[in-house]
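A, B, C, D, E and F label the chains in the order they appear, each numbered from 1.
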Amino acid sequence: MGRPVTLFTGQWADLPLSELVKKVKAWGFDGLELACWGDHFEVDKALESDKYVRNKRDLLEQHGLNCWAISNHLVGQCVCDPIDSRHKSILSPEIWGDGDPEGVRQRAAQAIKNTAAAAKLFGVNVVNGFTGSSVWHKLYFFPPTSQDDIDAGYKDFAARWTPILDEFQKLGVRFALEVHPTEIAYDVITFGRALAAVNNHPAFGINFDPSHLIHQFVDPTVLIDTFPDRIFHAHIKDSRINLTGRNSILSSHLSFGDPNRGWDFVSPGHGDVKWDPIIRALNRVNYGGPLSIQWEDSGMDREFGAQESLALVRKIDFAPSNVIFDAAFEKK
Amino acid sequence: MGRPVTLFTGQWADLPLSELVKKVKAWGFDGLELACWGDHFEVDKALESDKYVRNKRDLLEQHGLNCWAISNHLVGQCVCDPIDSRHKSILSPEIWGDGDPEGVRQRAAQAIKNTAAAAKLFGVNVVNGFTGSSVWHKLYFFPPTSQDDIDAGYKDFAARWTPILDEFQKLGVRFALEVHPTEIAYDVITFGRALAAVNNHPAFGINFDPSHLIHQFVDPTVLIDTFPDRIFHAHIKDSRINLTGRNSILSSHLSFGDPNRGWDFVSPGHGDVKWDPIIRALNRVNYGGPLSIQWEDSGMDREFGAQESLALVRKIDFAPSNVIFDAAFEKK
Amino acid sequence: MGRPVTLFTGQWADLPLSELVKKVKAWGFDGLELACWGDHFEVDKALESDKYVRNKRDLLEQHGLNCWAISNHLVGQCVCDPIDSRHKSILSPEIWGDGDPEGVRQRAAQAIKNTAAAAKLFGVNVVNGFTGSSVWHKLYFFPPTSQDDIDAGYKDFAARWTPILDEFQKLGVRFALEVHPTEIAYDVITFGRALAAVNNHPAFGINFDPSHLIHQFVDPTVLIDTFPDRIFHAHIKDSRINLTGRNSILSSHLSFGDPNRGWDFVSPGHGDVKWDPIIRALNRVNYGGPLSIQWEDSGMDREFGAQESLALVRKIDFAPSNVIFDAAFEKK
Amino acid sequence: MGRPVTLFTGQWADLPLSELVKKVKAWGFDGLELACWGDHFEVDKALESDKYVRNKRDLLEQHGLNCWAISNHLVGQCVCDPIDSRHKSILSPEIWGDGDPEGVRQRAAQAIKNTAAAAKLFGVNVVNGFTGSSVWHKLYFFPPTSQDDIDAGYKDFAARWTPILDEFQKLGVRFALEVHPTEIAYDVITFGRALAAVNNHPAFGINFDPSHLIHQFVDPTVLIDTFPDRIFHAHIKDSRINLTGRNSILSSHLSFGDPNRGWDFVSPGHGDVKWDPIIRALNRVNYGGPLSIQWEDSGMDREFGAQESLALVRKIDFAPSNVIFDAAFEKK
Amino acid sequence: MGRPVTLFTGQWADLPLSELVKKVKAWGFDGLELACWGDHFEVDKALESDKYVRNKRDLLEQHGLNCWAISNHLVGQCVCDPIDSRHKSILSPEIWGDGDPEGVRQRAAQAIKNTAAAAKLFGVNVVNGFTGSSVWHKLYFFPPTSQDDIDAGYKDFAARWTPILDEFQKLGVRFALEVHPTEIAYDVITFGRALAAVNNHPAFGINFDPSHLIHQFVDPTVLIDTFPDRIFHAHIKDSRINLTGRNSILSSHLSFGDPNRGWDFVSPGHGDVKWDPIIRALNRVNYGGPLSIQWEDSGMDREFGAQESLALVRKIDFAPSNVIFDAAFEKK
Amino acid sequence: MGRPVTLFTGQWADLPLSELVKKVKAWGFDGLELACWGDHFEVDKALESDKYVRNKRDLLEQHGLNCWAISNHLVGQCVCDPIDSRHKSILSPEIWGDGDPEGVRQRAAQAIKNTAAAAKLFGVNVVNGFTGSSVWHKLYFFPPTSQDDIDAGYKDFAARWTPILDEFQKLGVRFALEVHPTEIAYDVITFGRALAAVNNHPAFGINFDPSHLIHQFVDPTVLIDTFPDRIFHAHIKDSRINLTGRNSILSSHLSFGDPNRGWDFVSPGHGDVKWDPIIRALNRVNYGGPLSIQWEDSGMDREFGAQESLALVRKIDFAPSNVIFDAAFEKK
């Protein structure tokens, strides 16, 4: 049995959902983690019309697929970020508006609240996403960056996200930050700092994804064990380190897929993530949600990869023991 | 024998130069790499008055110290950077002015030209420093960053620095970029890209410093061997990786000296830099300049460290061979 | 083809054998290694009644299962050990008696002889088990422990086990010690010492089990190659090292299954045992007995694990070559 | 689907081809890489009679098998080698003749030209093989070996092989050297030197085989990426390093299959070759030919191994991506 | 400057103190850590006669040597241990008495209290030593050992040592347990458990000695950082891991000095201890006591080693920084 | 104290001995290992004239230098080798003669006997050198090389060297083969085979030199411990592995000193040799001869290196212990 396995649709946004569900069903997935871009899950339409939500759900059910979470990384990113031209490409014209940074951030904040409302209508209580960060780009402390500068970044995060998280909580929905470079939290230490900044807000947790930790040399199981009740959702995604002496772990300003990069995403099982300890850690904290494959590998055919990944997850996911072995040695 | 050993004064700017020279002399250094901050080497004063320059030189000579390079990292940093409040703390009020970013960048560009002029007056033909970068903070490609975005950053660098480098060349002075995160070049690949951007400008080279490469997992000798005629100056500085599974190689937004950081600077010999291959590589490219100790270790007494480092450098620096051993086996 | 694969029943003693055989058959095993506890194989009953033995054999045959060895670790442990309260829980009331250490040891010695007799009646010529040790607990040499102290332990072992082994030999049965911490032999060196102590007794050999060697950093193939004719039986069991800097390879007095332990048993394929070199070594010494899965993993569902392990063993077990490749290159 | 998978027949030359094809078909291979020894592909007969070639092709087609390359390592080896008694065993009596070294070399050169002609008749445009080398045995530079000595070896290679390669080119056939110790090229550096020696002859390329590189500590993907247009054919073969402190990576003059050797060939998946990076590299250079299993493992049953290997190759061979993931994040 | 360096006299107990002080002075040590065996520091005599204490102190002062701690490992060991014949050799006849275990333990408990009293008279406020343990020998959990069994061991420790520690506290002396296999605490986890068992008794701390941690794969700096206010004393001692595949990390019942052991003590600098991180950790917790060389290396001349070690300690011990480097970059 | 340290003069043959002794004395060496080439030690002259020998000895004594061994690698190499043009450059015209291989080999055999006679006259009882090998170049087994082929090589060695060794024994001189690629023995296994071939001839042993073992991944201490009574002489020489993925551990036919080689010789302390375990092993086998620095590093100034090496050897050479530490713990 094991946990349900879903496919995150963000990397398939070029396909209409009606086409994607057929493939996903045929490959044997249990469900989808719908991305709030492409036509996969459109927040505005969901809030406008009951029928939109009903039709999405019907489409999934007709293919025997379930949905436990939706994701809105792109809008979340813009809540705290210093906004530049790249953000325009990930936002709808409505949210981008005139592109004035503070206006963009405020509209993005409203949009992420709307996502929670739409999630509730759709019957899903987890929204995965990003938060952005006003201090991520100050990761190297030159020019000299004081802890005051950094604290200001965490306060900015708290000021912008606490109202959002309050709204989530009111709706009975939780926000799962994908701990990830470029976000307010990207390792165990910074997630702890972010969580403290929002006073352990009950609606704030983690979309666990080891592929963003491995190239930072963070042990993914430590993130799980340190925040056992904050693992709201889990991605299956892998990355691989590829250091040659010439290139930097900071990626040398090379694009994903460039074989000269110091690390890159690869299909699960091809990288440096060790899955067995992660399953054990998820078992220890009683994570019962889906294992959602976010498939991204610039060197492999996407459809081959999705199927290969599903087979891997079916194989690696095991239930915890309910036997104590020492006891079996004792005489009855 | 061996190369001269100097101390970079940037980490001692709290001491007046007149006091520092006494210590440095007593410890046995051959000279100083003067920082253009504190009272160590003031560019404006040097340009204003022949006497200022003469006095500096006298002070050094009285203590038997030489000088092969001056350094102006702080001003250089501001030529290409997106300017924020942190830059104010590293600039003089004159250059900061009203803090309008483009104005700051242009005044910094002028200041770095002035540094070349002052260097010439002082009889030194290398200026070490930083360049800043308009794209450093885009090192992780999310929001999606295209190679067009990155190319724009290298073009901005070329546009701002080519006139500076032309001025250097006219004066017979060379600019040595300390290849370093936060700069236009931080590994072998990015230095290659920066060099191409300025059309292999003869005045543009490297202030080699392995401490910035090690925590990126770049092999320092590859930088030397790839750009054999661009090693204009060399720092002796060390850093150490300290990954615990909790922290990130990206430093977790923790200050230097925090024992939880994923890496930190340490006194030479205490870190992960391997010195022997570096000496061989410097020998191979016939680097004949000083080995300049940039001493920075938040966990060690500074004066203990400077002396320990000098002893290390004296020990590790050897001349190349002038014998071919096979020949010795042959019968005469 | 390949070797037969059995399941060791010791970790399933909470299930009656009649129930276990059904599961084991359904999963596809070739047979069982019966534990002499629970109702799986009761030595006393076997010696009392031909029918008991006949019925056991019938039960197995009805399910198409075979048996090549029985195991009596618990009684064997008590032959040499300093007896304390923990031993009471692993012995029958008859053997424990009044708990006087020497009396317990002598009754255990008789019981292990009886096990050989019962094995013979059951048609099996290998008994796996433990020996105990009077010096195991002196593994760290403080208070100062002389080689005389240790020699005394090996002599005690020889004095107690030589009569047992003689009885085994008379019956045509062999005793296979599971080389294991807490026993007279736990690595290559100590097995050599134990074997010498009993003058290379022909009835004394090894129940090979790599899971007890890996966390000692012993190479399992060296044990096989050093004692090629003493590999009487083989377990498939895995263990994994999990050192964090806080915990000790000596296990920190933490129970099996505690995620803070420095090592623990895991399902085969999830640990640090490398199976390919072990199969090659078993092939080199012509080991033709079963590969018996002793399944123990405190973090995995037992039935998932048994099936996963069987699939693994079927895949890893290959026959040696009968071709010399150089010859194929030569012209006919 | 992936690339076709073939079996190289050189290690099966003891079986008549008519028997081998049945096995190979039953196991599920797509084709054969025929060895020019045994009765598998006899160059002389092919040149003598159209019917011979026709019959071979028919035999393959009847079993649904294809052929993309033939191999003639043995004859090729003798073109440049200092000839000794070992060469007699790998040559036909006609080519060996009186065994005078120079005569042998010239007859071998003719024979390899004939192989190209036979390949063309058979409809195959790649011949895999060896070149031999007059300087391989001078790999350790004692007695003192000058670069002049070595240059002479590469010139000898060029002198002997340029006419052969010209003949290949005329016939539209290419020669794929298996980069391998004992040959003119055995790593990235020496293949570069050999290629330069024949002035980048278009008919000269590589039969890529990682098993010969791993024990030299050469990264197989670097060979592919350095010579992207020279990968004419690819073997799937594995080797494993087995260093104990006693033995040498130079193999201690021990035969293949001796467990004391410092390295040995093993069935694919059992050794130190990492397949995923190799598939990515072959994808990057658009290698579209077969993946040909050259199966050799002195410790495993040959038929078990061939099937296991085929299953492995089917699993590891994936197509490259045709999606750019960043783009999927952008709003439509 | 740096911390004082002392020599622990336990390994020199064959020499009268009057002879040892001469050597130690000549070598340049700052003082001694006196062992309570041989004639170095005799607790009974110290309590009997003021003159004994006075004479000892005079002897040291005449040679310019100081003393910051005395050590009584042997007696401490017997407070909790199951007593066997080996303990007789480390105890005086008075404490051994009739050898009845409980009587020995009680007399040892009294003797360790006396040691505190003698230390006070001698003007020293740290006593280093061992505690023994009633559960150390149950380190491998077979026969099945419950946490109840282990808890009983820690309770026994608390019951026996709390009165001792109370007495220490009353006298203003502290007990520093050398965290070490065979003791109630041997890694970070077990020291935490022991400390909890005595309710964080203020008189209970650590004699830090990395040589006992390295072969357990415990990171010595974690012990320091986890118990920053419990580092009462520090040993400089090294050990080296020497695993060959044949031997066990559990030492194979081989004596110290046997080259086949899996680990052994070696002169500082020759083993696997990394000193720089230890000095930094001691600096972080403001440890201001001596660095005491406990010299033990069965393969090196003792006097060569003592001198070599002293030179090492002088070199590796550095003071922490009092400068913040970022500040030096800021413009004045 | 420690062992005497000598300098092997082979790498300084371009200097007349009269000049070399002055330098060597000034640097602080205890003696020389004289090479039998250049004017350092000329066998023919020594046999011709007592005065020659007397003068050599006087020259050394005038500078306070001793000599424990002479070396004649070049002539020894030619005893078993297949002779080619390279051998001409290492032989005197008399021994080379007409260059006919068998003649060369026989004259070389005579010359090595003469070396023993000259050594005796000079008062030295060890001659270091090479043996050559008729099978070294067959180290990779293609074309297929049978163990018969290899056995023939060892028989050839025995046939040629047994008479030489008999002569040595008669003279009371021993031959120390430098175990080294290109020789009959180059690792532990092959030295065992060579020793067996000459029936454990008492005059045949090892000139231990770890620099030839490291790049073969042989553990130098295993060679010492396996042949404890055959260590006749010892070299201090280091080598370093430098594998980049492009180059081969077989050296890619690149000259010593080329930075692209997979390994190269370096000044002691700069390479991969671990000296502490070697000193311990030499102590274990009671090696009492000199530690002779054979200095060769193509990237370092020769005179800097000789001095640096001497300082290293003085520091690393320690005597074994004569104390048993456990005993010191016991009560008197």
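Annotations
In the analysis below, a contact is a pair of C-beta atoms (placed from the backbone, for glycine too) under 8 Å apart; a residue touches a chain by one contact, two chains touch by 3 or more.
What you see is a predicted model, and the numbers here were worked out from it, not measured in a lab.
When every chain is reduced to the mean of its CA atoms, the largest separation from chain E belongs to D. Looking at which positions face the partner, chain A and chain D present mostly different ones, since fewer than half of the interface numbers are shared. Comparing the centres of all chains, each the average of its CA atoms, the largest separation from chain B belongs to C.
The interface formed by A-C recurs in E-F: of the pairs listed in D-F, E-F or A-B, only this one shares over half of its residue-numbered contact pairs with it.
The geometric centre of chain C is 39 Å away from that of chain E, both derived from CA atoms.
Between chain A and chain F the centroid-to-centroid distance comes to 63 Å (mean Cα coordinates, whole Å).
Residues of chain D found to touch two or more other chains are 74, 89-90, 141-146, 245, 255-256, 326-327, 329-330.
For chain F in complex with chain E, the residues that touch the partner chain are 225, 276, 280, 283-284, 318-332.
For chain D in complex with chain F, the residues that touch the partner chain are 74, 77, 81, 85-87, 89-90, 135, 137-147, 149-150, 180-182, 186-190, 193, 216-219, 222, 226, 243, 245-256, 260, 262.
Considering their complex, residues 10-14, 37-38, 73-74, 89-92, 255-257, 259, 265-267, 270, 296-302, 304-305, 308 of chain E touch chain F.
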